[in-house]
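Chain IDs A, B and C follow the sequence of writing; residue 1 opens each chain.
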Amino acid sequence: MFPYPIAKSTPRFRIAYQAFLPIALILWLLPLIAIFLTSVRGSKDINTGNIFGWPTEFKLFENYHAVFTQTEALKYLTNSVLITLPTVAISVSLACLAGYALAIYRFRVALPLFFLFVAGNFVPFQILMVPVRDMSVQTGLYDTIQGQFLFHAAFQTGFCTLFMRNFIKALPFDLIEIARVEGVAEWKIFWFVILPLVRPALAALSVLIFTFVWNDFFWANVLTQGEQVKPITAGVRALNGQFVNNWHLVSAASLLAAVPPVFIFFLMQRHFITGLTLGAVK
Amino acid sequence: MTTSTEPFQASWFTRNKLKVAPFLFLAPALFFFCVYVVIPIFQSLQLSLFEWNGLYNADGESTATYIGLSNYTKLWNDPNFWVSIKNNILWIILYMLAIPAGLFVALFLNQTVTGMRFYKSLFFFPFVISQVVVGLIFGWFYNPDFGVIAKVWQLFFCEEAINIVGNVTIKCRVPVPDILSSPDWATYGIIFAGLWPQIAYCMILYLTGLNNVASEQIEAGRLDGAKGWKMLWYVVLPQLKPATFIAVIVTIIGALRSFDMIAIMTQGGPYGSTNVLSHYMFEVAISEYGERYGYGSAIATVLFGIMMIFISYFLWRMYQDEKRGT
Amino acid sequence: MFTKIKTVAISLTTCALLATSASADDLIINFDDLNPGPKKGFEDAVAAFKAANPDINVTVNLNDREAHKSAIRNFLSANPPDITSWYPGNRMGPFVDAGLFEPIDDLWAAEGLDKEMAAVQPTMTRNGKIWGVPYSYYQWGIYYRKDIYDTLGLSEPKTWDDLLANCDKMKSNGVTPFTIGTKYLWTAAGVFDYLNLRTNGYDVHNALTAGEIKYTDPRIKATFANWSTMLDRCSFVDNHASMSWQDAIAPFANGDAAMYVMGNFSVDGYKNAGLTEDQIDFFQFPAITPGVALAEEAPADAFFIPSGAKNKDAARKFLAFIAQPEIQGPWNATIGQLPPNNQASISDDKFIQEGFSVVSNAAGLAQFYDRDAPAAMASEGMKGFQEFMLNPSKVDEILARLDDVQNEVYK
C-alpha cells in the first residue's frame, strides 16, 4: 500500500508518527475546540472580550440549559427534524423508483433524463430562488414546514436519482431477467428483487441527504419569514439578541445544531463514506 | 430472449409494459423535479426580462413590467457585478487547493495503526458541521479585538496602557490587521475558512480511492525501485483518476455555489468587495434593500450560464464513461 | 323526540353563535416588536383600546422585526390584517404605489392630527394623501462621556469649531473622539445625514434623497469635505468596519472613546455595559454652516391600514385611539421614546426631556437615509459612506458612482 506502511518501518518512525497523529488532529480541529470553549464561557468573559482565552468560569450546564430555556433553540431543532426526516423519506423513495427505471430499462430518453437529474442537482440555487419563493407564497406553502421539505425533497431527488441509478446499474441483471421469464409483474420485481439488494445504498443515501438538508442555510432564509418554522441553521443567527451579543449562547446553539449530523455520521460512517465516494469507486 | 407465454389477446398494457413501466416509475420523481427545479429555471430566465419588486397589487396582479434585455445592460455597467465575477474566479482557483491538500492529508492518514478509523472520522468532522457554524467560528478568529490572530499580534506589537478614566486599554504600535474589513484581504479570509470543510471532503474521496489502489502495482513499482514522489506520480495518481474527477466536480460546484460563509462572515462587505454572484443575487432580490426580482434573476441567469459550462463538461465526460460501458 | 330536542338544541346554539358574532367586531393587528419593553407598551395600548371598545374583538399577531419586513410583502395582498405596523417616508412607497395601503386623510382631519402631529405629517404623506398614524419616534444626536468631558474641562459644543476643538483636546490626551460600528452600514448613514443636514439644511437633504440633486453637487461635496475634516480631527475608532453598533459600545464604555452619534435606543446598551446615568449625557449635533436651521433625524414607527382589510371601520377607530396624546404619552414612556403627538406628556428621563425639546423645535424631521432614499439607492449609498470612512481619498470616485446609481434608480 502507499505510502510506505508504518508497520514496516523503523520503530522510531512509527512512534513519532503515532505521537504526531493526536497533535495533528488537535491542530486540525482547533476551531471546533475554540467554539466549544466559548460555549462554556460565562457572560462576564464575553463582555470583557475574553472570547478565546481560557474561560474564567465554566458554565457548561448553565449555558446549554440557557440555550433551551431562554431561546427558541428547541423549536428550531424540532423544526429541523420535521423538515429533514420527511425530505429523506420522500427523496430516497422517489429516487429508488426513478433510479430503477433509468438503470434497468432501455429506452431512448433514459440517458437524457438521467443527465437532466444530474444537471438539475448541480445548478446554483439562486436560479430557483425567486420562482420557488413566489410559488410557495401563491400556494400558501410559504413559511410552513411542508413548503420546506417539499422543496428539499424535490431538489435532492436529483442527487439521489444519480446515486441510485448508478448503484442499481451495478447489480446483476440476470436476477431481473429470470423474474421476467417467470412472468413476474414489473413492480413486483422492483419490490421483491431489487429493493432488498439496494438497502446499503439506501442507508448511505439517507445519511447524506440528512446531513445536506440539516445543514442547509440558504433555503431556510428564502422560504421562511417568522420564527415559527425556522430550522436551527437560520435560527442560530437569530439567537444573537438584538442588543447584546450572546456569543456564548450562539456557540452552544451552533454546537447543538451540529450534533445530529455528527451523531449520525459516527453511527453510519461506513455508509456516509460509501455514499460520498460512490463515483470514485469505479 | 424471453419467450412470450401470453395468449394473443393480451392487453395493450401487458404487451407494452416494458415500454410503459419505466415512465410509471419515473413519474413521481420527474413530476416533483420538474415543478421545483426545471420549471423554475425557465421562470427565472423569463423573469430576468422584467422589472419586478415582488409585489402583487390589490387585485392580485403582478406589478412586473417588461423591459427586455435592459437588466443585462445594467449588469454589464454594474461595478458590483464585476467585483462578484472577479471574486468567483478567485474562489474557483483557490478552492482547487483543497484537492492536493485533501490528497496529502489522505496520504498522511493512509496507515493502519490503532484507532485510525477514529482519527479518520474526526478529520472528516469539518465537513459534517454546517457552513454557518464554520463561518461563525472563523469570523471570531479574525476579529481584530479578541480573535486568535489579534491576540497573537498583540503579543508582539501592542502593550497595555491606562486610559483617561483609569481603565486598562491596549495601544498598538502597528494596528491589528482587520482581515474581514479589508477589501483586499477579506475574500482570502473567507476562502481560507471555506477550505477547511472542503479539504475534509477531498480527503475522504482520496482515502477511499487509495483503498482501491491495486496493491500489486505498488509492489511492482517498489520492486522497480520507485519511491516517494515517483511512486505517487506514476503509479498511484493515475489510479486515483476517478476520485480526482469527483473532487474537481464538487470543488468547482462548491466554489461557485458558496453563499453561507459570505452571508455570515461579511454580508458581502466591506462595501461589497467580498460579494460573489450567489450572494449578490440574494442581496438584490430578497434582502431588505433588494426586492428587485427581475435584476436578481438576471444575475442568477449569468451564474447559471457559467455553471452550465462546467456542468456540460462534466456531463460530457460522464457520457463518455457511459459509452465505454460500465 | 330526540331529533326534536336535537333540532331545538342546534337552533338555539346557532342563534347564540349568531348573536355573539353579530355584536362582536373583529380587529386583526400585525405588530413587529418582540423586545419586552416595546411589546408591553403596545399591549397596554391594545388593552386600553379594548376597554374603551368592549364590542371589538382584537387579535394580535406578533412578528420578529426582521421577519416582518419580508412578511408584510406577502400578507398585504394575501389575507391582510386590519392594521399593520410599518415605516413611513419612502419606506411605505412601494406599498402605497401598488395600492396596498388605505389613505386616511379624513381621519387626520377629523382628529385634528394636522395640528397635533404637524412635524411628522410630511413623512406620512405620499402622492398628496396621508397613509398612516405614527405612534413613536426617537431622537438622534451625540451621546458623550460626561466624566471624560469634565476631566478634560470640555463643555457641550454649539458650533462645528467648538466640536473640533474638543476633539483636538481629546486626542492629545489619548482619547479617541468618536466610536462607531459600521459592520451594519446604517450607522455611517446616520453620520452622513447629520453632516448634510447641518452643512446644507433640511431642504437640500430631502432633495438629495428624493433624487433631485446629484451627489457630485458642490453642496454635497462640501458635506464630504466636512466629513473629511471630521475623520481627521475627530477621528473614529479603528476597526469600525467589523463592529456592529453594539460592539462599538465597548470602547465607549471602557473610556477609550468619548462620543457616539446614535439614537436614543442605545442608552440601554450603555447602561448594560456598566455606565451610570451620571457618566452619560446627550447634546444636539452642533451647527456647521451658520444660519442653517437645525433639522433632526427622528425615524418614526407607524400603523397603517391595508387596502384589503376586512374591518376598516374598527381599524380607523384603532388609529384614532392610538393617536391621542393620553395614549401616546404612557406608551412612549414605557419604551423610552418620544410621542409624535405634541400634546402628549413625556417622562422625566433626562434624555427624553432633552430629546423632546430638540425634536419639537426641529426645523424638519428626516427619517434616516435608508428610509428617505429608495432601497436600491440606500444600499449603494451606505456602502459608499463606509468606503469613504475607510478611504477618504476616494471621495470623487465614490460620489461619481453614487450619481450613476441615482440615475438608474430614480427613473
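Simple rule for what comes next: a residue touches a chain if its C-beta (ideal position, glycine included) is under 8 Å from a C-beta of that chain, and two chains touch if they have at least 3 such contacts.
In this text the structure is predicted, and so the values were computed from the model without any measurement.
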{"item": "Chain pair that, of all pairs, has the most C-beta pairs in contact", "value": "A-B"}
{"item": "Chain whose average C-alpha position is farthest from chain A's own", "value": "C"}
{"item": "Rounded Å distance, chain A centre to chain C centre (Cα mean)", "value": "41"}
{"item": "Chain A-chain B separation of Cα centroids, rounded to whole Å", "value": "14"}
{"item": "Residues of chain C touching at least two other chains", "value": "66, 70, 247, 250"}
{"item": "Two or more partner chains touched - positions in chain B", "value": "54, 143, 145, 286"}
{"item": "Contacts with 2+ other chains: residues of chain A", "value": "49"}
{"item": "Touch list for chain B against partner chain A, complex", "value": "2-3, 5, 17-19, 21-23, 25-26, 28-30, 32-33, 35-41, 43-44, 47, 54, 107-108, 110-113, 117, 119, 121-126, 128-134, 136-138, 140-141, 143, 145-148, 151, 196, 201, 204-205, 207-210, 212-213, 215, 218, 228, 231-232, 235-236, 242-243, 245-246, 249, 253, 256-257, 259-260, 263-264, 277-278, 281-282, 285-286, 293, 296-297, 299-301, 303-304, 307-308, 311, 314-315, 318-319, 322, 326"}
{"item": "Contacting residues of chain C [partner chain B, same complex]", "value": "66, 69-70, 73, 76-77, 94-95, 98-100, 145, 147-148, 151-152, 173-175, 183, 185, 238-239, 241-242, 247, 250, 254-256, 307-308, 370, 375-376, 378-379, 383-384, 386-387, 390, 401, 404, 408"}
{"item": "Interface residues, chain C side, partner chain A - complex", "value": "35, 63-68, 70-71, 74, 78, 244, 246-247, 250, 268-269, 272-273"}
{"item": "Chain B-touching residues of chain A, taken from the complex the two chains share", "value": "1-3, 5-7, 14, 17-18, 21, 24-25, 28-29, 31-32, 34-35, 38, 49-53, 90, 94-95, 97-98, 100-102, 104-105, 107, 110-111, 113, 115-120, 122-135, 150-151, 153-155, 157-158, 161, 169-170, 177, 180-181, 183, 185-187, 190, 211, 214-215, 217-218, 221-222, 233, 236-237, 247, 250-251, 254-255, 257-258, 261-262, 265-266, 269, 273, 276-277, 279-282"}
{"item": "Touching residues on chain B, where the partner in the complex is chain C", "value": "53-58, 60, 63, 74, 77, 79, 142-145, 161, 163-167, 169, 175-176, 178, 180-181, 183, 269-272, 283, 286, 288-292"}
